[in-house]
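Below are two complexes that have chain A in common, paired first with chain B and then with chain C.
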Partner chain A sequence: MSTASRADTATAYALGLGTLLTLGVFFVVPLIFMVIVSFYKPDPMAFYKEAFVWDNYKTFFSSFYYTVSLRSLWSSLLGAVLVVVIAFPAVLVIVDLSRRWQLFWVILLLSLMCLSEVIVGFSWLILLSESAGLPRLFGALGIWENPRSLSPSFGAMMVGMVTIGFSIVALILFPQAARRDRSLEEAAMTLGTPPWRVFFTVLLPTFRTTLLSVTLTMFVYLLGVFVMPTMLGRPKDWTMTVIISDKALGDANLPLGAALAVVMLIVTTVILLLSMLTTRGATGRSTR
Partner chain B sequence: MAHLSLSRISKRFGDFDALKDVSLDIASGEFICLLGASGCGKTTLLRLIAGLDRQDTGTLTLDGADLSAVPCHRRNIGMVFQSLALFPHLDVGGNIAYGLRLRGAAPADSETEVQRLLELVGLPGLARRAVSALSGGQRQRVAIARALALQPAIFLMDEPFSALDAGLRDQMQTEVKALQRQLGVTTVFVTHDQREAMALADRVVVMHDGRIEQADAPQTLYAQPATRFVAEFFGETNLLDLEIDADAVHFGEQSLGVPAGTLSTQRGRCTIAVRPEALGLSTDQTNAALRGTYVSGQYLGALWEGCVDVDGTLLQCRCFANQAPHLAPGDSVYLNWDAADAWVLPA
Partner chain C sequence: MIRSVRALAFAATSLTFASTTTVAETLTISAWGGFFEETLAAEIYPGFTAETGIEVKSIAQPEDSAWMTQLMAAARAKQAPADLSLVTDEVLIRGNEAGLWAKLNPANMAGTEALKDGYVILDDGGMAYGVGALAFYTTFVTNTDFAPDAPASWADLWEDKWDNKLGIITTPNSGLMEATAKTFFGGYEIMETREGLEQVIAKIAELKPQVSLWYRDEGQFQQSLEAGELNAGLYYHDVAMLSIWDGKPIASTFPKEGGVVADAYWVTPRDSKNISAVEKFLDYVSRPEVQASMARTMGVFPVVPRESMDLTDEEFSAVGSDIEPIRVQTHIHLREGDWLESKYQEMIAQ
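Take a look at the complex of A and B:
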């Protein structure tokens, strides 16, 4: 190895080490602190009192928190799947447009991504309201006889989640969709496949790994979403993120909030590891 | 087997005319090579035949039936793409059986057909292998087997060997030619390699700037190019602008004697094409020879090529290396040729 390339490698290592140290300080240290606090006793006057008790974890397995965590996993998974199911075909359409329209959509997606969750949530709140939104429009058109507000509801929460996830997923998929080998689709057509069937027999299988990984990314992202459940969902639709925040800040019970967060972290990590193992197995196999 | 006819086909992409009034008849069982430089329209023509693109004007018929409005998936076309386009999520057998399964073939029947096709392309026993685990040549064979699985009326190949090394390319050419002869399928092959076109085709279609310059057997194209472009593009050639009268043939200030052969009926200005191997090079002056100055020569294994300056025009000559003259740059030399080897280019 030449002196110059050795110096380049050393620089790369130094930069990498700096990043890892930053991650360690700003992610791992608070995580360790959170795990420690989860074993403390709650103290309404000072957030927590130093101790080593399992009470907070025992509380998690009471039916309420157990149900909320399952509901969080379900709503995040459903939201992630919906986002990918909607965004993937949309991206395929966008990348086939002229350069001018592609640029238009990319700018629109970037703008949507830049919007605050609060703004998006508030927009949907208005659009789904009885007084000014879609229900009133449907009522005026005679489509809906007795229009009423569509929020708060599980559906409204999903709409909000899909809206904030759509631009992220679309922008992640855009480069791969644009660079894909279109001759695969053309080959399928010369082999007698109608265009609509090419999507299912060629596009979906070739994008399978990418779509799985994007769905997992979106699943983790939506697990942490706070604004949409509180603005558009009913209290019974609230996810664990909302409950953790409520316990830690509203009830000043930091140890319980920390314990709930640790359990959710473990559950999410296990799900991700299992999914990654499944994906790797599927990628390694050749199917007929 | 099928007879394909293209009549007055034109295709425009934005401001660019990719095809201009192209007409071509391809006989049943014929092996056609579309030959030309990049951007000449050969791949566009192939894609129109496949139905992947639609022509702006003109008609395309297969055995008399108009294909113009028939979508790609209903044309019964087998196509091998430049990238091969093997499905990465399917193994070798899955790729070959793809079209068969789509048509509702029973698994046992498609399995039998896959085995037969793998035998045909020389890859028995590889049905379960992932396409990513195949060599370049094996991937080519799988792509060919997949395209032939549905017994297509027309077999199309878009520069399928361009990514292969020279040895493997020659081997694949031999195999494809033999396979086409065996199956008798009407084949259209796109290439920019004139050697490949000569080795494979019954008829070579030379394309330039969206038009067909000439469509003929390789021997005819080589010996009797229809245009200056074909003469220059299809093999190396020397083009000489002559002035002919009843008494003599003139090249610049030099006289080549009484017009003979194909030149005997020509008068006035004309251009002839003489292939390098038809030019005789000598240090002895003979009648009807051009006088020039030896510029350079190079040994190419079995052959020797020399360059001679004749009054400012550089002419190439070629002979077997063991017959190469011993010359030094600056030597005076004489070039001559048989009248039968001079092809008069149409005005």
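Take a look at the complex of A and C:
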């Protein structure tokens, strides 16, 4: 009996290790290649020359790329926080609905997830346009005197980012919200705490770690978004992803593109590590 | 003399080859995806197949630099994604520098003699690596519902009547730099130095408050212009003409400084195995009657002399203009490549 279960665990381990090894190889090898290319010398007439130069990294610290990367970090962070702020209360409402309506919302969220970024971006482009969308509706209703197209703008880009992030965050939070221990909330309610205070003093602290990790996941996800900034944002909203693809594909300057990507990777990793350390400290204290 | 004898011998062997082989040859030809690729496949390739029996497989290629990146990667793997490809002069030159193109024998392509001088690009050994395919104009396009009068000069772009609704191509080689230099700085000389280029870019930066779309995708611009989301901008004359024939409220104007003309060339990736079929195709597509047919169906500007074709005055003025065109200064864009692209992108995105 015990030997059999040990054998089962061994099989599971072997399978798991195999997967991890494959993933590791196929993630690490391209990564190493990217790091190597980032030291090559770009050749404007051809492609690149194999060399070891720091020029591509020096370019990053020229003010422009520096500004763009700060801007990317800011818009992804804002987008991530907005998504979670909007999705969390929505999920709390959904889990309190009847089973039938819960199913309806879950299916709707899943379908939203199936849509590609391009489709979502294009829908918003039409919805925000002067000739066919909301501005025209507001104009017709007399709310807006001289309706103008709402895109491209920072707001439009945010709306697009929140749309693609919403279903993911909602589906991550759903099982936890549905299975949560409601005794604390009920106790607080019985003792006369108003519902809005229960939300802030009981629910939010219980979900703090989950919400933080979801926000971080969303932050990393939104950092890689390409279509929303190009479609709905203005040039000054373009994120590092757009600039990297412009450099690597548009200008055929792979070394610079690779160097920018490596810098972004390092920055993201540092941010993630820092926030993981701080949250671990926080949960450690609260359990003690 | 030797050349023609060899050509004759070659023609004889290829003829016998053609008659003995039963397998149909196939030529894979790539062109810019969308209207170009579709129209070439529908209007131009069938005539070639009818005449030579060589089947053509038409494929769509992405925007120039992205395509060049793919060709480079393919060449490293000793692959040819297509036997023939339609590229701009910038890609032609960069690709040649990187050794991407196959060498073709001009003697096997007598038809190319019909082309205007300089459109068969030869290497030092007298072999061709690029053959002129067509030229296309970029013009000042407007939505006539919002701007009923055609603009007279490129300087009109800088006027504040566009209601923040201009659409401009986002790359520095769109021709806007040259148009700016010719309109405001008396010619292209200013572009010879970096200080001069910075002055031109600063002038273009004055447009920023009016530009609501810096586009990389033609489709988005065209749709916005037709819908009135944009009132004017820089766009390709050929596709603008299609919109006009479609009854859309659009005008394409050659300003008094000229439209921006760019040349496109046929090139063959080095690892192509179908060189003789490629040469037959280039021989065919360079003929004045094929060039005239491309002008009629695609709205592109021919690369053979006007008098060799049977285009009417009306047909000719639909695809081009007698005004001396503005030419993209490719040598400057190549020389200043990365520096210029970064400066331009910073100007737009800052």
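Convention: the second predicted complex is superposed on the first by the 281 of 288 C-alpha atoms of A that agree within 3 Å, B and C clash if a C-alpha of one lies under 4 Å from a C-alpha of the other, contacts with A are read in each partner's own complex, and residues count from 1 in each chain.
Criterion: a residue touches a chain if its C-beta (ideal position, glycine included) is under 8 Å from a C-beta of that chain, and two chains touch if they have at least 3 such contacts.
All figures in this text were calculated on a predicted structure; none of them were measured in a lab.
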Open item on the list: Is A:D181 touching anything from chain B or chain C once the two structures are fitted on A? First, second, both or neither.
Closed with: first
Task: First (chain B), second (chain C), both or neither touched by A:M189 - done: first
TODO: Examine A:V81 and indicate which partner it touches, taking first as chain B and second as chain C; both and neither are also allowed.
DONE: neither
TODO: Quick one: classify A:S129 as touching chain B (first), chain C (second), both or neither.
DONE: second
Task: When both partners are placed on the shared chain, which of chain B and chain C touches more of chain A - done: C
- [ ] Identify the partner contact of A:P205: answer first if only chain B is touched, second if only chain C is, both if each is, neither if none is.
- [x] first
Task: Contact set on chain A toward chain C in their complex - done: 42, 44-47, 59, 64, 67-68, 129-132, 149, 152, 230-231, 235-236, 238, 243, 246, 248-254, 256
Open item on the list: List the residues on chain A that touch chain B in their complex, please.
Closed with: 181, 183-184, 186-195, 197, 201-202, 205-206, 208, 286-288
TODO: Within their complex, state which residues of chain B touch chain A.
DONE: 50-52, 71-79, 81-83, 85, 87-91, 93-94, 97-99, 102-103, 128-131, 146-147, 149-150, 156
- [ ] Please give the residue numbers of chain C that touch chain A in the complex, ascending.
- [x] 63, 65-66, 68-69, 72, 93-94, 97-98, 170-171, 212-214, 216, 220, 227-229, 334-335, 337-338, 341-342, 345-346, 348-350
